[in-house]
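Chain lettering (A, B and C) follows the sequence in which the chains are written, and residue indices restart at 1 in each chain.
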Amino acid sequence: MLTAFAILTDGLVYAAYLFVVAIGLTLIFGVMKILNVTHGSFYAFGAFGAASAVGIYFEKGWPVAGGFLIMVLVAMGIGLVLGLIIERGLLRLVCGRDEVIVVLVTFAASLILEDMILLIWGTQSYPLYQPLAAAGNFEVGSLVLSGYDMGLIALAVALAIAAHWALRYTRYGRLLTVVIFDHETAAAFGINVSVVFTVTFIIGAMLGVLGGAVMAPKISVTLGIGVEVTVLAFAVVATGGMGSIEGALVGALIVGLCRAAAVHLAPQLELFVIYAVMALVLVFRPHGLFTQVAPRKI
Amino acid sequence: MTAILSVHDLEKTFGSIVAARDITLDVPAEQTVGIIGANGAGKTTFINMITGHLRPSKGTIRLEDRDITGWPSRAITRLGISRSFQVAQIFPSLTVFENMCAAAAAGGSDGALKRVLAPLRSSATIGHADAALELFRISPYRHVRASTLPQGVRKLLDIAMAVVGSPRILLLDEPTSGISVEEKFGVMDVVMSALKSRKLTVLFVEHDMEIVARFADRVLAFYDGTVIADGAPAVALADPRVQTLISGTKPESASHA
Amino acid sequence: MWSRTNLGALAFIAAAAAAPALPAWLVSLATIAFANGLVVLGLVVLWRAGLVPFGQALFYAIGAYAVALLSRHAGWEDVFLLVAIGAAAAGIVAFLVGFLLARYRDIFFAMLSLAMSMILYGVLVKTQTLGSTDGFHVEAASFLGYAPHGQALNLMLFWLVLAVSAIAALLISLYFRTVAGALAVPVRDNEIRLEFLGISVNRLIHLKLVIAGTLAGLGGALAALAVGHVDPNMAYWTTSGGFVFVTILAGAGSVAAAFVGSFLFELARSIAVDLVPGLWQLILGSVLLLTILFLPEGLGSVFHRVRRSAEKAS
């Protein structure tokens, strides 16, 4: 019984983490039809950036709440800069070319960014423990839950609600829905698709960076975290349906809970189970759980 | 005398939508049948059932003596029923000659491993390809990249590719669509003389009544999923229902079903 | 007279003859490069049909681990046997996996292929008996009884990889002229038309998957022998990405490009790691970017232009 509860909480925490990381990736794919391999690098920049900035902040002994705020602001700032550079600087140059070429461009960019992290932060690891300590712990029965983890779940839920609301009820969200449906149709309606792309990519980048920033206290912030996260985010997004926010949510939940179950019940299956679930879903629903694909007309 | 193609009580429903019903007809060998009807009348459904891309909900389709109802499309192609497309389906990055070789090789292979690992440019394949190019008068375009072809030539290539595998029945889906009015008759002249010389049975879908009148031995008029007229062009095209519902020749036609 | 096949044969013979005179590090590098070139060759076969798998590392790792496991636990030493089994194991998996994978296209094909390679990675990393994250060493090899060491072993491995690559190159060149090989471009251009012409495109792709998987397994088996070590990283997504990277760099059109491109890549990586150890990814990433932007047909197009201007001049 305790194990089941532990699996549930662990699974939800992990799902929250996956969702925050994956939502940016699925958004970029949905709108721009680009599989953004650089997403992992955004995450890494977020983690390192937060570790540095927030670390310094807490060392100065400033109020705790501000620390969390700095985390978010740093994420948005880095996301804005990186997003602009990559979208305007790089993706524009291969606009219209084969999908695989665009993916490879983002792959090349991720290699470059990986080394930039090395240049800026070196090979050491940057522990960031203050936010975890500041958030404290709860006791539920005999289980100890970390306040930070609960905050993470709250953040994921908030993001999901915000995304859903934004897509349905804001003007920008409705524009996005048209662009997701078809770029040409959107342009024919007078929507400035080019601007939509840039804004979307920047938002996606910010979300990726935010994912890294909020995860920094929970992981060991060293080189290589970006590479790991990239393929994990792909797994979540492919399982849920590429381009779908509900898909990212459901995908994150499925992957998160399965992984938690594996960790508690059969630890050697931990990595295997994530990709096995992804493969299984793809077998029955090749486009993921939540996407529709239009048939070709001749 | 067995008709080469016969369908009996053919019907196709999608849920509650009846796309085609009560279709019964025999097509004798080497006949040229023109199929007319508004969009959504069931012509494409009919063609898709014959080529195996749609499984009939009811009824049978026979190729000579063989019941081919519900057979998969690849098997039906192998038996000799071939089709061309409203939007020419060619291989844009290859030249016209390469397109024909690909079609000829595809037609010749039955998927068996040893056939699929045989060289593509065998003399047999090249022979068939060249013959088809000649037949449709597109040999001058041999080395032109298919993506750069003018529309008329594209359609001819599309049809030639359907013919190179020596089918017995050919279904042409709007062979002159997208071709300018001045060129339509010229293209159809080439196509029909080519098909006649190969002794093919032809069913072609057309919206241009003059083309139908000139080239068809027989007209099938579709409306609302069923055949409302079936006969020689002079008769079928003069049928008042056909004129009201499809060709609209009668100027004071005011009723809409 | 200077047909591609003759030129290729000449190049292979020249390389084989020159080897004893070349520095050991270059021979070792070339050995790995050609082993990886086999994987890239398999990718070229699939690329021509418009498919880009992001999980060829699956077969690469199978070939490598098969060799490593057999040599360690079964005590088999003969390279020919080991490599053949490695390739065959990968080929069988490709055949089985192909029933599913051949039904997918575009990004979904890439994703499923990636998922499968990551499944293997997950298994390898967590399984102690398979060496877990450290992997394990591949024991010394023998060539039909002759068991060389040191420099002699290096040379023998190089000649083995060279010979296998030459044979593979020839076979695949011939394959491109068969119906199955030549219909790759029609598959990419308009697969529906091919279906209407009576060809089962899924079966065709299944065949290509088996070819590519076997080649990747062959490459992995040879790499295991050449490096002397296997680890789960051989199944990781970045390894698959690297192979795709080289395929683009080389220009996915030709057989020669697979090997030349692979060699240049290994050379570039080696030089970059030596000169600027912290920045080799940055350098390679930039090279890939520049190639994509300015040489869309890859390095192979440079060869074509040189050849065409040579032909025009003569």
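In this section, contacts are C-beta pairs under 8 Å (C-beta built on N, C-alpha and C of every residue); 3 or more make two chains touch, one makes a residue touch a chain.
Just so you know, these numbers come straight off a predicted model, no measurement behind them.
Trainee: Please check whether dropping chain B from consideration leaves the other chains as one piece, and if not, give the groups.
Mentor: Leave chain B aside; others remain one piece.
Trainee: Which chain is in the middle, if each chain's centre is the mean of its C-alpha atoms?
Mentor: Of the chains present, the most centrally placed is C.
Trainee: So which chain is the furthest away from chain B, centre to centre on CA atoms?
Mentor: It is A.
Trainee: Pick out whichever of the two, A-C or B-C, is joined by more C-beta pairs in contact.
Mentor: A-C
Trainee: Just how far, in Å, is the C-alpha centre of chain B from the one of chain A?
Mentor: A distance of 51 Å separates the two centres.
Trainee: For chain B and chain C, what's the span in angstrom between their mean Cα positions?
Mentor: Using C-alpha averages as centres, the distance is 45 Å.
Trainee: Just the number, please: Cα centre separation of chain A and chain C in whole Å.
Mentor: Each chain's C-alpha centroid was found; their separation is 32 Å.
Trainee: Going by the touch rule set out above, which residues of chain B reach two or more other chains?
Mentor: 85, 89
Trainee: Of all the residues in chain C, which ones touch at least 2 other chains?
Mentor: If we look for residues of chain C contacting two or more partner chains, we find 192.
Trainee: Hey, what residues on chain A touch two or more of the other chains?
Mentor: 298
Trainee: Considering the complex alone, what residue numbers of chain C touch chain A?
Mentor: 52, 100, 103-104, 106-108, 110-112, 114-116, 118-119, 121-123, 125-127, 192, 237-238, 241, 244-245, 248, 278-282, 284-286, 288-289, 292-293, 296
Trainee: Along chain C, where are the residues that touch chain B in the complex?
Mentor: So the residues of chain C touching chain B come out as 175, 177-183, 185-186, 188-190, 192-200, 203-204, 207.
Trainee: Which residues, counting only chain B, touch chain C once they are in their complex?
Mentor: Residues of chain B touching chain C: 51, 73-74, 77-78, 82-83, 85, 89-94, 101-103, 105-107, 109-111, 113, 115-121, 161-162, 165.
Trainee: Using the touch definition from the top, list the residues of chain A that touch chain C in their complex.
Mentor: Touching chain C from chain A are residues 35, 37, 90, 93-94, 97, 99-101, 103-105, 107-112, 114-116, 118-119, 227, 230-231, 234-235, 238, 242, 267-276, 278-279, 282-283, 286-287, 296, 298.
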